[in-house]
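Look at the two complexes coming up: chain A is in both, with chain B in one and chain C in the other.
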Partner chain A sequence: MDRLESLLHDLVSRSPEIKGAVLVTLDGFPIAYAPAHLTDVERQAAVIASLASLAARSTKMVSMGEPEEILITAQDGRMFVYHVEDIAALGVLTVKDITAGLILLKIRQMLPELMRELKDMINVGGGGI
Partner chain B sequence: MAEIKIVVTGPVGVGKTTFIKAISQIPVVETEERSTVDIGKPTTTVALDFGAVNLGDVRIRLFGTPGQERFSFMWEDLMRGATGYVFLVDSSDPSSLPKAKRMLQFYMSRYDVPFIVGATKQDLDGAWPPDFIAAYFGLPEWAVIGLVATDEGSVREFLIRFLELMKQKGGKVWIG
Partner chain C sequence: MKDHRQVLRDFEAISGPIEPYAEVLKRYADRLKEWDEFFAKAFYDTLFSYGPTASVFREGERPEREEALKVWYRKVVSGEYDDAFWDWQFRKVGLSHVVRGIPNEFMLSAMSLVQRVFFHKVLEAFPSDEAVRIYGAFKHVTDAIATLIAAGYMYSYLDAVSESTGMSLKLIERHAILVARREYGKD
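Entry: the complex of A and B
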């Protein structure tokens, strides 16, 4: 497991209300995800990238600036999407009965580390993302 | 004024976003993101393009799709309620045509609405003429029109021709 994956793994395993997390490039490729048995990751990555892009278009169009968090409440759960600066987007799937603030807090705690790992990956890989 | 929805689709890099930006009379809604893999250009559409143009007494709302297959879920969503679609192919890159043909066949089998194939990049050396592409796709010659997607006049002429064809053929079977 690489370090990005273990960060996501920690997030998911420490929070029973979080069902899965997928980190994607803004052009729709998966970078890392957890748990290991999460299904359909490739297609999820593309959809998360589309959502992130449309959200940014929507808020900029009405002069609200960059979106900080996208929340979709569905019948059987919630989906959060966060921009990781202008490098990636993070999709988080949760149970329905959860407070957005709590998730945001957990994500915010993890973001600096996630950013560091991402930037390392870009520097070491010389591309890739 | 009549209002119609036209979807602009086709494989990656054929000029869908370029086409809509050339002709739209309103600021285009774009969803371009930097590509992390080499696709021959720096950015790619990840959700949609949107623009609009008045041609004669028709207002055309143009919805551009992403070209890359991982975004194909958007094809389906964007085709909802479309009067017709424009299928663009890159005339300057014959190696892209087999894949384009498969994608067009997918559209033709799925959507029973008028369409026209636009053979873009006619300004580039070695571009295949539209009738070659029609033959390769097994389409009548009238169904493939050459254009330069960076040029407003060329895109305008192309869309006017598509409107004329729709009018001429009325409710008749589109191809065949």
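Entry: the complex of A and C
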């Protein structure tokens, strides 16, 4: 398991209300995800990248700057989406009945480390994900 | 967005260079240009007689459209093409189809009509060996134009989706690939 998957795995395993986390390129390809048995990851990755793009375009259009996070509340759960700088997007799926503030805190605490790892990976890989 | 030069380069690499065919049309241009009136009538008689294509036009618009088609036809059979001509097919014609909601299948069907009408006309007017040569030239050039219009239409659509949603063209392509793979049962 690489470091990025390990970070996502820690997030998911320590929070039973988190059902899955997918880190994706802005072109819609999965970079890392947890848990390992998460299904339909490729399509989830494309949708997460699309949500991140749409949010960025929407907030720019109304002069609100870059979006920090997107929260979608659905009948059976919630989806959080984050722009990881201009490199990637992170989607986190949770059950519906959660204390959103606590989940947000956990994700925000993980993000700086995730960003560092991602940048290291790009540097080692020669610039492209 | 690809530009018209790249689309044209791809067309010529796959289907053959345009210049020799343009030379054929140049030799017969004066005679072919005389058919502009006939062409415009045959073209719009068909389009106005079919509900879905007729509904694209405004009331009273036919004379204006016929004049535009005559200009286009005379330009095509002149065999004289510059960069602005190809760019016009790619950008302006493609975009005008987007604005009017004319999908590529209508455009390609109409281009097939143009080619068929020309084929019959040229067979009537010339000995068969000349007719085949002239028709081959006309078909090659109008196929190139149809390719440019279709590409211009598609890239305009993709640019509009990208511009309005913030999704990169690569991300849109990714969605298309995933859906196509699912549809073909390879996912």
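Note that the second predicted complex is superposed on the first by the 127 of 129 C-alpha atoms of A that agree within 3 Å, B and C clash if a C-alpha of one lies under 4 Å from a C-alpha of the other, contacts with A are read in each partner's own complex, and residues count from 1 in each chain.
Methods note: contacts are C-beta pairs under 8 Å (C-beta built on N, C-alpha and C of every residue); 3 or more make two chains touch, one makes a residue touch a chain.
Just so it is clear, the model here is predicted, and its values are computed rather than measured.
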Put the two structures on top of each other at chain A: do chain B and chain C fit, or clash?
-> clash
Could you tell me if A:R43 is touching chain B, chain C, both of them or neither one (first, second, both, neither)?
-> both
Now for A:P67: first (chain B), second (chain C), both, or neither, which partner does it touch?
-> neither
Now for A:G91: first (chain B), second (chain C), both, or neither, which partner does it touch?
-> neither
In the superposed arrangement, does chain B or chain C reach more residues of chain A?
-> B
Is A:G20 touching the first partner chain B, the second partner chain C, both, or neither of them?
-> neither
Intersected contact list for chain A, partners chain B and chain C 26-29, 42-43, 46, 49-50, 53-54, 57
Touching residues (chain side chain A, partner chain B) in the complex | 25-29, 42-43, 45-47, 49-51, 53-54, 57, 61, 127-129
What residues on chain A touch chain C, complex-wise?
-> 26-29, 42-43, 46, 49-50, 53-58, 60
Of all residues in chain B, which touch chain A in the complex?
-> 29-31, 33-37, 44, 46-48, 66, 68, 70-71, 73-74
Across the complex, what residues on chain C touch chain A?
-> 164-168, 170-171, 174-175, 178, 187
